[in-house]
Structure formats: C-alpha cells, structure tokens
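Structures are listed in the sections that come next.
There are two complexes below, and they share chain A, which is joined by chain B in the first and by chain C in the second.
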Partner chain A sequence: MPKVTEKVSQAAYNALANIVGPEWVTDDASITESYVKGGEIHDCIYQRGQQPPGVVVMPKNTDEVQKIVKVCFRYHLPYTPIGAFWGVHCGGKVPFHVSIDLSRMRGLDWDEKHMVAIVEPGLIHSPLQAEAQERGLYTMTPGGGSQAAVIGNMLTCNYSPLNYRLGLATRRILGVEWVLPDGEVIRLGSLSNSDDPYWGEGPGPDLRGLLRGYLGWWGKVGIITKMAIKMHPLFLPERMKPVERGMMSTLEFPDNRIKWYNFRMPSEEAMRKAMREISRCEIGAAVMRVPTIWRYRGKSVSREDFWSKWGPDEQKIRDGRATSSVCRVLLIGYTSEAQLKYEEEILMEIMTELGADLGRTKQSDQSWIKNADSAGMWWPAGGYVSVEFVVETLEHSFARGKTLLKEKEAKFTPPLVDEYGEEGWIQMTDMGHTSYFEFLIQWDPEHPLGKYKSGEYKAWEHWVASQRTAIDHGQYTANIGSLSVMGLTGPAFGPNYGEIYDKVRQAVDPKDISNPPLDLHDRVIEEFAPQWMEEYDFKPWTELMHGGQEWWKVLTSRGYKWRDVLPEWYWDRDDKEIG
Partner chain B sequence: MELKDKLVGIIGAAQVDDSPATLAAYSRDHSLVDCQGLADAVVWPDSAEQVQKVIQLANELKIPVIPVSSEQHFHGSTLPKMGGVIMDMRRMNRVLDVDLPDRLFRIEPGLTWAQAQAETEKLGQRMVMPLLPLASGSVVASLLEREPPTNPRFEYGEPMTSNEVIWGSGMRFRTGSASAPGFPEKADSKGGNPEGPGTNWYRFLQGAEGTMGVVTWSIVKFEYLPVLDKTYFITFDQMAQAIEPLYQMQRRMIGNECFLLNRQVGALIFNDGQPGGYEALKRQLPPWFVVMVLSGPPRMPEKKLAYEKAAMDEIAASLPQVQRIDESLAGAPGLERRLPGMLRKPWPAERAYWKHALKGGCEDLMCIAKMEQAPAFTQTVMETAGLHGYDVNELGVYLQPIEQGRACHLEFQFYYDPADPAAKARIKALYLDAGQKLFKQGAFFSRPYTLLSPMVYEHARGYTNTITKVKEVLDPNYIMCPGNVCF
Partner chain C sequence: MIVSGSLELKDYMYEMRRCMRCASCKWLDHIYMPDNRFVYRCPSYAKYYYSKVAYGRLKLGLALCENRLEDTPGMKDMVFQCLMCGACDSGCKRNLDLEIMNSLEALRGHMVAGGRYPEAHQRVIDHVAKSHNKFGAPHKDRAAWGPVNAQAKSDTVYFAGCGASYQDKNLAQASDKILGQLGGYMLLLGEQCCGHPLFAMGHFDAFRQQMETNLEAMKATGAKRLVTACAECYKTWKVDYPRLMKMSTKDLPFEVVHITELVAPAVASGQIKFNGRVDMKLAWHDPCNLGRMSEPYTHWEGDRGQWGCLEPGQGFAAKEFNRGTAGVYEAPRDILAAIPGVEVLELKRHHEFSWCCGGHGGAPEAYPELAAYAVSERLEEVKDAGAEAVVSACPYCKQQFQDGFKDRDHKVPVFDITELIAQAL
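Let's look at the complex of A and B:
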C-alpha cells in the first residue's frame, strides 16, 4: 500500500525558514521520522495512527509561532503542536503536516507572592516543581510524570490523588496567551487588559471553556504559548530532598508535616465508609484505593522484574480473587505540625472504628509531588492503556469498576493480563464531592508464554466497548471528544455534544489545520474493524458530522484516499486479529 | 397569530402577561442603566420543555429572550434593552434531587438563597454563599455570575457542577457528567463532574449574563455544617495594614469565612435595625477590620480551632501592625456569636437590604485585584469620589480574599437615592470615571456588566472575537439578551 511521503512545498518551506532561521527547520527524514512516536502508550492505536511530519519547525517565541501558524493557514498545511512529545495522542495523524516543536520555549517566570508560575509550552514539570519548592510553593505533578510538558498536561489531563485538596486542573489555569489556528493571538483572563496573568476567567463568558473539557482537544484548537498556573503554598520550611536516582528516585518526607498511611480494610463497605468519613471530617491530602497490580508495578524496576514478582504470586492472587482492600491516605500539616497530629488522631479513630489494620509504608513520595516513576508504573508488562480515567462520584467509581471488570473478564481476558477480580483505582477528589476512577489494562507483546501477546487488538476493542457500556449504564467516561469514537459518543452524551463540539472547532479552525482529524478512531475502525459498528451500535462520524472536513477535501483533491494516509507498516502486520 | 397568542399556546394564558404595568416593572432594576424600551411580554415557564418552546419561537420570530431568576436585579443584565420576551424563571424553584453523600443537589434556577439555606439546614448542611445576599436572590444566577463566597476554604473546586441548558439555538443540553445518557433516572452518573462533554460548556454560561442560553437546572454543592465556630476580629487604622496579615493567614489555610470590611459596610450589615443603630456603629467601629471564623468538623473540633488559633497568634506576633486578635468587635457586642450563623444565611427578608438601607440605592464597582493593589485602588476611588462630590466617609469597601489570598474581590459601594435623578446621574458619572481609572491601573473586571462592558471588551478585541465565534454556535440568531456582554 502506498505511504504518503509528500513534503511541504518549497515556498512553504522557505517561508518557515525565513521565520525561524534555516537551522530551526528541516524536512530531513532522519529527523522527521523521529516525530512519530511519543513516550506514553506502547504499541497501541494512538501510535499506529501517527504519520511522520513533512517538516519540523522549532520557534523560539510567540511571535514566531504566530507567523508559522499564519504560513500554515495560508498554505492550508495541517500542523501539530508538540511540547515534550509525551503523549502519542498529540502526534500528527495526517501526511505532510508541520510539526511545530515548542521545546525551545521553556520559559518559566514567577509571581511568588501570588503563587503564580508563568510557563511556556516546552517546559516540563520537573524544573517547575523543583523551582517552586525553592520559592515556598508546590504544584501537583500528574500521573504523566515529571517529564510531561506542563502546558500540554494542563490542557489535557493533570490528574493525581492530590486533586482531593487541589481541585480540578482547569481551575488552576490562569491567564493564557493563545495562538488560534488562523494566527490571531488572544489573551484570556487578566492578560486581556494587562501583562499580569494572575487571573484566569473572563472577561464575561469564560473562554477557558474552549481550552479543554474533562480532557483536552489534543492540539485541535491552536497553540498555547504562555500559561499562568496557580501554585500552592509549600507546607515545609524548605524543599524535600530527592534520594536515589532515575525512576526509583523519591522525595523523603520530614516526619512532622507529611505522612503516608496504608490501611487494610475489612470490606468494601468499610472502604467506602472510610473514604466518606475522612472527607466529612475535612482531613487528608489524598485518599485512595490502590489496586494490587499497581503495587507490583510500583515496586518493579523493569519488565523482567515485574514478571519475576507478579508471576510467582499469580496463583495466590487468583485464589484470593478480590479487588484490593488497601486504603492509602496522605496527611499534610498545611497550617502547622499541630494540624498533622490532629488529623492523624482523627484518621486513627476512624480506622479503628472500621476495623482497619495499619500496615507499613515508605515515608517518601515517588509519584505525586516528584513523579519519577510514571514510566515504571505503566510499562512493566510491555503494553498498557488506561481504558478509563474519569471523575464522577464515589458510587459511580465503584459502579464503573464493576462494569469494566465484568466486560474485561468476559471478552478480553486473556490476552489482557488477568488481575483476578480487581476493579480499579479509586480516589476521592474535590474534598469528597467527587471521586476519580481509573481502569488500567495491560498485555505483553513479548511475553515468553505468548499468553498476553496479542493484547493490543483486544485492548483497542475493550476501549471501544467501554464507550458502549458507559452509554448503556449512564456512566461518565474520559473517552469523549477527540479521544473517543465520535460516532459512539457524539450523539449519546449531552445529548448530541458532538454536533456543537465540532461546530465550535470549525468556528475556531475553519481550515481544519490544527492537528486533524477529529475522528481518527472512527476512520480507523471503518477501515479495519467495520463489524464493530454493528456490534457496538454506532454510525461512522463521517455520516453524522456537520462539515469540518476541509483538510480531507484537500487530501482527496490531491488524489489520496483515507487509507493512503495510514503508515506503511500499518498494512504489513502479520497478525489480523482485530475484532 | 400575535406573539402573545403563540406564547399562550406554549405556556398558558395565566403565565403570559403583556400589561403595561408588568412590562414597566421589568424595565427597571437597581442599576444605573437606563432602559428606554419595554419587553413585548413576560412569561413564567414551569418546565424545560416550555423554556425550549419559547426559545424556538423566539428563533422563528427573531425576537430577544431575557431570562430572569431573581426578584431584584442589580446590574442591568435583565433589562429588555431591545424588547423581546422576559422569561421569568421563578416558578421553577424546586429542589429536584438531593445527593447527601456527595453533598450535591439538583436545583432549578428560581430556587432562592433562603430556600437553599433552609433545605440544607434541614439536612444538617450549609450553603457557602456570598456576603449576605438577598433572600430572594437566585442561587443559580449568583453562581453563574461568579459571586465570590465569604469562605475561601472551599475554592478548591467549582461550586456548580453539571447543568441543563437550553442554548439560544433551542438545543436542550446537559453539561458535565450529567451529560451521560439516561441522566438522571437511568444513569449511574450523579452529575458531579462539571467538565465536558468534549469541552467545558459550563464556562460559557458563567459571566455570560444570559447571552448563551437558559439554565433549567444546576447541580450545586453544599458543605458540612461545622459543629463549633469561633469568630475573631483584627482591627486596623488603615487598609494597607490589613493586607500582609491576610496574605499570611490565607497562605497557611487558616479558618473558614475571612474578609476585610471598612467601617461603612460594617455599620450597614451589623446594626440591629433599630433607630440610631447604624449611626452608633458608624461612630464606634474601627476604620477597618478583618473577620475570621474558625470552624471545627464533627470529630475533635476544639483541637482544630486550637491549632488554627495558634497559627494566627504566630502570624500576629510576627507582624507589628497586628496589635491584637480580638474575640469581639468594639461597638458590636455579641456579634462574635451571631456572625457565623449570619454569614451562612441570606440577609433577612423582613429587613431592607443592607446595601439599600442607607439611601435606597447602591451601585457596586467591583473588580478582581491582587490584595497588595487594594490600598492604591481604594485611594483612587476615594479621590475620584471626592472629585465627584461624594462623601468619602460613606464609601463602602469590601475585600474578599480568593484562593488562599492569591487574589481578591474588591468592591466599592456608592449609596444614593434612586428617586433623585440628579443624584443618580452624579453616581453614574462617578462610577464610570472610577471604573476607567481602575481599569488603567490594572484592575480586572471579570464581569464588567452593562456600563463598563464597552471599555473592557473593546480593549480585549481578540477575546471578544473568539467568544463571539462560540456565541454563533450556541445562539446563532443572537436572541439571548442582546445588549449584554459584547453581543
């Protein structure tokens, strides 16, 4: 099958070179090919849908970004903004696109007194957190890890157990500078009338609503070149010091202001009561139920190490067949040492009443203030996807877990790794008003027994099926918007959110050039697994959407068909297990 | 068929009125905005279906729709600036569901602060509310307008989660996790997540002054009622002295309700309503004072109050401008006991609203600022007031710290007699002059309302263009509240 290798025109290339200088633009295949793969999900659909760019350009400031986008607009060139290239969702999906690599823009500025960090899109979480602590502040390093770009992450996910006290990411987004797909630069919040970005909403209707939903647009509404982020006051006189290195590095806790507790709960009912009562007493910095397999992952330093630990214990776990009973609680003395003592006293009283047993745990942080272990947490089995990661209420978390477990065990295990009754990660958010739920599945393409080898396709189907079960059970899901099968979710949620979602996108991006397409998954399913449309009861989004196919018109005008834009190796796979 | 007949066909004759007296009543409010025109009719819908049909009719006829949900209005946003149909939502004032474990309830837009407070009190819970709102004010409208709560402790999240809205296009839609199919009867979702589906639609409703659509219900948070409260006061001669203590206390996450008032506002809200009460307080209250309420949850509340008070003492000892932390306020005996309860209820319905008690009218000039900017901004407003012949001793000032003191809501209150056209004109000139000066100084008007809108939106041209693109999707015929915001 053909692979589209068309490059951008010489005129467009020259225009880009004139903006950034010839050393910051290239169409050398040895470089452009490296812009295909991000660092997140190994070997799954997001990655398969990627295309190498026709050209890579690296601007150094907002002015250059604006000019590049105007060139793209003029030449009708699709572009893909890239911060740290952590998430493969963000990779370009269409041929001859322009990768706008923002990694030269790593600026970081501070308004310490008002707890504001002003960041550029190439900056990652690690230096932000390190500098913040030097200034008596901290932020929440997300599940994606310290290596994720701050702005990219704030625009897409930014979830962690610290959401319990720090709230949703969107509330931490303050003043924003934004280059729209037509090249216009707009400023949100207090930046709209001054150079001070300390306030985010308004004036009037809040355009931050267009930056993201529960998840983000993955680069489909332009490029954020500057963002002010609300930070939080550090509860310690000085920063916590890292010990060890790499993915095992941790921040050691001082014993007077921050402390972990692991409790083994006697029942699921006791788990629920504990989570509720901790919230009712307005204590805690994080409260969660940790799945058994996550603990194995957290302790593993490599894939081999994971299998060497999980394998021998598999029989024991299978015989036990139950979801995790470990309730993990983080307490912080935000105000003083006395607060930690007070909260510990209450926590112990609650857990004693519920018959919980206090276990041992390391007094350090590896994951949420300094997140060094995200790669270790997600890669041990070789293949991984979070089928679900949604915020709703506590009962919703339990219900969603049971729904997904039932589905996974009935249809997809094996090849997905069997976790024997595990119903997923649950944590309290928003001081107990809501709860975060994550259902993570894994497989191993190179597992020596081959048992989990072909998991990629079943993982993909499980992910599609999970959207169907969310609809059937009235459950909320992270898989909405451009990270979903639009033909499934578009008509169902809202209802008909897909219609206005796509119209808003078209209004902002009339030439459909900002990281298209919206409906990648629908198009891939149409091509490779059309039987799923009947099985999961949906129509292709191409039949439902209302315009917004400008880029595809360009593609077809050049004689291409949709299937032509899929990478060559997509067609060369020897297994045909999809569906 | 005339407009009225069509409206009667949708809502019923008893709920449609186009009598001159009714139309005249809806063309006035407590603001300085002059509304020359009248609405064509007023309707009182009772269901989302009726709201949707009226909006569909308005699209057909290309006439404006102006939703109102409170009894009294302050900012000119509900005036029929270009005629049309006033949609009074006050019949839709029910609590539809209560989700006690998650502290959420689904309420209609006509539900008032008084009703919400009573409902939550029955549950042993509380509303987190702005500073003494009108009892008849709509909770949903207040939250959509982003009125700041007196209690910064609960600002980690959104006070409002999911909504049902009829967009200006006539589309009926649920935002947030209530967008799940089958909600509410056949869904596991409780509507607790405000975000999505796809993008954050709820943000387009906030600060929109009704220009995007009509909210027909919202899911709103309530909080646990503390079992123990203790009020403290810190007094100052000058506003600037109060700023650093506020920064430090907020940064250490101390307390629940916390704000700074000047003597004028204090005298208006803390007097007992008896003759001479206001004047006496005006003489006795300190020029400026911080109110801080420490509260304890159900387990070991005394210990919580103790560690928070110890932290306050620590801060006070390090700051020379804090001479002492008082357990009562000079001139207002017993206030310390009444205050927590007072701040968790709306203003008593039987008393004249505190902002109107002095002269019958009050115009609020409010902005978002950094607390360190507040003294300079206050000086600007005082000087401008003097230039316009306004007695600066009657300037009300209220500073509400937000988000651990990262920013504040700063409100200046000008009191006037609304029956005196000359006085009204003077206040309007003062308001515009002071607003322009603050804007140039860097004050941010996150909800500028009618009089300041042209200045703010003209300056934010790119923002205005982009929000207009969103508007054209959600309200393509521009029927919702024309003349508000930048539309």
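Let's look at the complex of A and C:
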C-alpha cells in the first residue's frame, strides 16, 4: 500500500529546489491558492474536488522534468502537470500535490522542409499558427481555444470544424518525448532511434494511441515534454490582416481564396442531405450546424446586449426562423482561386437542389483559423459546460442531440438556460466519414432561475443523466474515460472500459502519482449525491474495481472525506431548494 | 448595489468569482499574436511566471475576502510585483468582460489598509506629503523650468506634472512652445503632484488629499480646459478624479485633454504647420495611461441581475462599457505622420495591448528588476521594428527608455512627442 504524503516534506521541497533553483519552486499560499481553475466554471463536473497544490515547481527543460518526476516517485508525491492551465481537468485533486507548471517550456522549432513543428508543453496555439503562416504553413486552431496548450490539446479533444478537411488532430502527432510517472524517458516514432522527430511510427508497437486514449488521460500517464506535429501548406499567398480591436477583432478573409456561406435550410432532412452531399463531393474546409445561441453571442458587444436580443427573439427562434436551420460552410481555394470558384459552383448546385436560401455572413475569422473564442463561452450567463462532445456518424449526431434536448428540457430547464429547442452543435469530420456532436449548456451560477439554489448542481446532474441516456438509447458518449462517472459508463462500453483504463494506468503509473485519482466523480457522487446511484442505476467505480484507488483507500482509512479536504465555502452551493 | 469604480475589494466579488483563468489577461490578443517571441501582454507574468498575473491576483483577492488565507511571506510581492498597466483589463474585456483593473486597484487598497505594502513605496508617499512631488524636490522649484508663453489669465490651464517640472524640463519647455502657438495658456498656481503614484500604489486617502488640493486650485482659475503632456497626469485628471468624486468625466466642470489631442486637429486644419524636417523611422510607443487606461470614466450605479447583467439604478442610464479601445491612440500617430520626413512604425504590441515601459505602479521604486525587464522587452521590439528612434508621450516612459538603453549595445534616440513637435514647428 503506497503511503500518502499529506504534506510535501522539507526534504522533498529541497530536492525540487536543487533541480530548478529556489526561484522556481514555491509553497507560498498566496501563489498556490491560484493553482485551481476557479470561476466555478466546471465545478459542476470536471473541476469538482480541485484544491490548491502544496508546491508549485516550474522546470525549464526535459531534464528538469525528469528529475522532478523522479523526486515525486521517490517521495510518493502526487503531481499534476500543467501546460497552459486551460483544460479544466488539470487542477490537482489530492491534498498537497505538486503542480508541475510547464509554462516556461514554450519552445518551438521547425523542420520547414518536411512541414513539421516541434513544440514544448507550454506553447499555445496562436503563436504556433502565427509562426507557421510566416513559413507558408498552417494548422487548425481547436475549439478549445487559441489559449490552449498545443500538446495538452493534441492529447485530449483537439476538435475543430477544420477537422472536416484536416482530419482529427491526434493523427498529426509525429515524434514524441514522454516522461513516464517513474521518471523514465521514452521516445516515440523516429525519435526512438534518431534525433529527428519527423516520423510518427517507430520500431515496436505504436504507443501514441495509448498515450492519448479516446479522449486523453488528462495528465494521467506522465508528461509529454516534446511533440512533433505535422503542418499543412498555407493556402494564401499573404498573411491575413487583423482588423478591428477589442471584442470584435478578427482576421479579414481575402474573398478570392477563403469564404464563408450561411444557408438557411428548409428542413432537417435537407440539412442532413446537404451535409452528406457536400462531404460526398469532397468540397469545403468546414461544414456545420451552429447552435443559434452562439450566433447571437457572436453579434453581441456585451452580456446585456446579448440578453436584450436573445430573450425577445424567443418566438422567432422556436419557429425555426433562426440559425439552427443554418448550414454553415467554409470553402478554401487551397491551390488556386479557380478551386474556390469550382467548389462554390458545386456548393450552389447542391443547395439550390435542396431549396436552401443563401444568407449573409461576415468574411472573417471569427474563429478557427487563428482565434477560437472558447474563453468567451462563459460570459453570456456565467456558467457553461459541454455535457457531450463525441465523434460518431451524422445520424448519431442528430439522434444524440434530440435525446439530450429532451432530457434537458424535461428535468433541467430552468435553471439551465432555455435555448428554445436547440439540439446542439453538429459538424462533419474526416470528409464526412464521421461527424462531431457537442451539447452545450449554460446557467447563472450567481442568480439561478427556478427553485434550485444552485444552477451548477443541476448542470452536474444533467451531465450524469446524459451518460445514462447514452446507455439507454444505445448512443455513444465522450464520457467513457477518466472524465466520466466510471461506474456508470465503464461497464456499458466494451468489455468494461473502466477495467481497461485501470490496467493501463497500473502498468504505466504503478504508484498512482500522475494526476490522481482516476475515479474522482464516483467518489464525489457517493458522498455528495448518493441518490443518483439509484436514479441513474449504477454502482460507484469503487465497488467494481480492486486496483488503482490507492489514494482513496488511504484517505478513507484515515477518515478523510471530501468535506474534510475541501474548504467550507465549497459546500455552500448545493441542492437546497429556495422557499 | 454596484457602484462603478468602487475602491472596495469586496465590491468585486463577482469579478473574482467569475474569473476562470482563461489567461486573456496574460496572452496577447490572439488575432494580433505576432510570433512566439512577443506572446505576453502582462510584464509581471513574463518576468515572474507562476500566477503573477491578474487571474492569480483575483484568486488571492477572493481568498482574502472569504477569510481563507492569512498573510504569507510572498503575499506582498504577489500583489505589488505588478506595473498596474491595465493590459490585463483590455484582454479580459475581449472574453469575459470583467472589471479586472478595478479589482487589482482595490486589492492594493486592501493590502495597504492592512499595512502590507513595500517599504520603498513609503518614501514616495512621504515625498508627496512633504514636497508635493514624487521626487522629494523643493516645491518652490516646481515652475523653474521657465515658462515663456504663460499668461496671467487663460481658458486653458497647463498642468506640467512632476516629471516635466523636475526630471525632464525639456518637455515642459516644448509644451510651452506648442501651447504658445495654440493661443496661450496659464499655469495652475500651487500645482502639486496629481497623485498618480499614490493611486497606483493603493494609497487612496493620500491620493484624495492631492486631488482636493489640485481641484481647488483649478476651480480658482475659472478655466474651461486643463491640458497636460504627461500621460499619468492625464489619466488621473480625466479618470481617477471624477471616479473618486462619483461623477462621469463628461460632467467635470472643465475639459481634460492631452496635448496631442490639441495638436492633431490643429495640424489637420493647418493651424499648426511643421516647417522642420525630421528624417527618421520612428517607433511609436502607446503609453498605458494615454491609451487603454484613459477612456472617459462613466459613473454608474445599479444592480447585477439575472445572468450577471447590470441593471441601471434610478437616474442612471445603461452602463457604458470600457474596452480599452477608446483611449488616445490616433492623435499622436497622426501628428507624427504629418511631420515631414517621418515614417511611423508600429511595434508588435500596440494600441490597447501595448507593452508597458515598466515605469508605473510603484515598480521602479520597489521592484526595479521588473521595471528594467519590462523596458528591456520593449526595446527588443523597437530593435525588431528597425526603428531609428522611439517616441512616447509620457516623461516616465521616456525616462524608462533612456535608462533601458544604458546597458544595451543597440541604442536609438528617445523622444517625447512634444519635443518632436516643438522641433518641427
């Protein structure tokens, strides 16, 4: 049984300071306090249970990362690696863990000839894109946002509308340098037998799938200190120019090479046909149906401005005259102006046949090329989360949207924001071979509607319920990894997805020190909302599995409960009814 | 009730709770992100890392308000190792639209009220109290720069500020020459430090004293307009004075203008003609306090309702939102572009996400390494732009640049815009 280190000992602290120098390690609470995500944004789900680290350490290279991890391994210190601290899952959960903040490792090297970027974990997307474009290359900016760390994002969701043309970003991972939880460094792809990371495959089994899993391990399998990424040749002779500033700053498109189209479709069937047909013809750079609410958000200059438009338009939106009936298409003349003209002709032919009307749209990069405003998802209501984000078929996307909407409207609206029948975000991926679906919910954490004191409590429950609906309706879900309620989805997918997860975890991280614990949600639900186990018909992960829970075993054997390790204020927001 | 511009930390609980570490306060606007070299907007983070940026300070403020944190050895540095340049605020307005700068100012006030502030700041406070200027120079020498065109009575008051009065008298003399061509001006009798350093350091009571003294002197002149060439003084008169008086800038009994706002239209109309030629590629540096920090202040009272929306209180219209984009940006650019021979170059971080020179927020006094780092980074941008000189509109920016060049191989001349204008007249 591993021993829980309740506090980082002076010896361990000194060992860390010896590696990075005293300037780059701290246990000062005025700093460690801010190493939780905050904003209560995902308190309902992924962030629940986060607490400040005992120590923050900031290495500057792989050598230092390796030495730090070895110290953690020796002293049995749980640690959480942090790239840009954007992924809400990277906050530590075990008391007095070590935050390994990789922000100083922002290196970016190029192999222009082979169109490869070699990046370190602190690098974010917008500088990568800026430097790529200087070299006649580009990549996509993911929905996670320009401020997301490239490596962290490549190892997790990395979804973008541009994945329609470029494919899932994870397939662009080439050579990788990986510090395992015991401090061993392994190199994947061509890095395994040379210093050149240009090739993804190497001798032996390809461990990139293991590294990433379905939706990433969220720091559970060690730390990636270097990754080579395949880039694409830029389709523009010149860089796009920024225009406007503040909230409306954007990149202006040269309309001879890149162009948005918004088509109002006469029916859902026409929408499906359009999306399929565009893909079948292999035209376009992005094809999607964007939720109405995000169109309103994009047009608003403040929270007040948004609500002054959204509320009064309720009937118009319910009647389907708003943009959930809009098929949004991006065309790019990758090789020439003639290509754009050619694809435009095909697009118009498809849409004319389906009876679609072409509407207006701005010809600029409001998102996806260089900027993605995921950070702005929170301002309309204060609280936001995606309860689902999954890649399957187009038919699955539409079906999953209807299932989740029904559940949301029946049980959770209010306090969740009423989106007037919105069935979620749908886009084509892999040239139409797959489809991405996302269901986003919002609420006001400060001033919830309805009878519940806490909007985020209901958002949390909606997330749990969404996993149940996937099982009941034979639908696929993103919530099958360490993000999920493992006791609920684990046994339902594959030969117990949870067991596979745990076996891999035990093989790679036998001391369970890399971003533990695995079964967070089950534990919190068990203590915080046990009624859900009956309502949504599951047994917590802890009753199903026998390994991989050392932290919990030790914590509970010492009488720890969430209420002991989390501050009192944390529990103020619960399921109490008002009046 | 919510009162815009409150100086109480507890009034920013919404801001501190709603910050979710998106780091817009740290990174440059992604649309304008130039490369992997100049990626940050926050000098404090770029120098110290960890969470020494607005999101970290807001988390700290929240913990203090909720009584979850006692004093720690590093707390003072965490709060005061910051230039108070406002770059974070314009970043947050891009995404979450929170009042970050107000929160940081209130956090400093909270720390000062608890006696937790850098010792080096006390010297500045004592200087202002005793000598009415931040340098501790004799008050009687304040106008020793030698006004030539000052009149006994005018509708325009020239407020020189401490920097131009004591540190770089060229600037006051250049302003004198310019204002002479624009119809003359009068001095503010009994002019004292505007109080900017006190406000930025979080000493609001001492600041209020300076404000009251200067406002009384201004009232005695009966003038309709106050003009200054110092960005710090400009921001203080235009934004902070009305803020403390709970009134909007537009309701002040006099107009506050920066000298570039007078010169630009005069150049456009032909009232001012540049006869001299200045053959140079000039890099224009946007001073924080002329640009993003100097949007007109709008006083507002009301409540925060459903969805966090601000609902105006009785007698108040809907709140006007500051984004950092309505400061003075184009006037100095237009003036420089009109000088024969001048080519104006943009630095990579410009307008509301301009990189601070390092001369603000009490950093040069308490954290000289931060001030030196900030200016060193800016001078890298100047070099990167291929500029033959760097121009700004604030005596402290100029001083920072001059200090910054001392230890560098790459050196170019530094000007205040008033010097160039006066030279070209």
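Assume the second predicted complex is superposed on the first by the 515 of 579 C-alpha atoms of A that agree within 3 Å, B and C clash if a C-alpha of one lies under 4 Å from a C-alpha of the other, contacts with A are read in each partner's own complex, and residues count from 1 in each chain.
The rule is simple: a contact is a pair of C-beta atoms (placed from the backbone, for glycine too) under 8 Å apart; a residue touches a chain by one contact, two chains touch by 3 or more.
All values derive from a computational prediction rather than experimental measurement.
In the superposed model, A:G167 lies in contact with chain B only, and not with chain C.
Contacts of A:K503 after superposition on the shared chain: chain B is touched, whereas chain C is not.
In the superposed model, A:P312 lies in contact with neither chain B nor chain C. Look at A:P237: by the touch rule set out above, it reaches neither chain B nor chain C.
With both structures placed on the common chain, the touch criterion links A:P203 to chain B but leaves chain C unconnected. Touching more residues of chain A than its counterpart among chain B and chain C is B. Residues of chain B touching chain A in their complex: 99, 101-104, 146, 154-158, 161, 167, 171, 173-174, 177, 179-183, 186-190, 192-209, 211-212, 221, 224, 247, 251-254, 297-300, 303-304, 306-308, 310-311, 314, 368, 370, 372, 403-404, 406-407, 439, 442, 444-448, 453, 456-457, 459-460, 462-463, 465-467, 469-474, 485-486. Against chain C, the residues of chain A that register as touching in their complex are 24, 26, 28-31, 33-41, 56, 58, 84-86, 101, 103-104, 106, 108, 123-131, 134, 141, 145-147, 242, 245-247, 249-251, 301-304, 307, 365, 370-373, 375-376, 378-382, 444-447, 449, 567, 569.
Chain C meets chain A in the complex at residues 14, 17-24, 27-36, 39, 49-52, 55-60, 62-63, 66, 68-70, 72-75, 78-79, 90, 93-97, 304-310, 318-319, 321, 323-325, 351-352.
Chain A contributes residues 113-116, 165-168, 170-171, 180, 184-190, 192-194, 196, 198-199, 201-215, 217, 230, 232-233, 276, 280-283, 334-336, 338-339, 342, 345-346, 349-350, 390-396, 399-400, 430-434, 470-476, 480-481, 489, 492-498, 500-501, 503-504, 507-508 to its touches with chain B in the complex.
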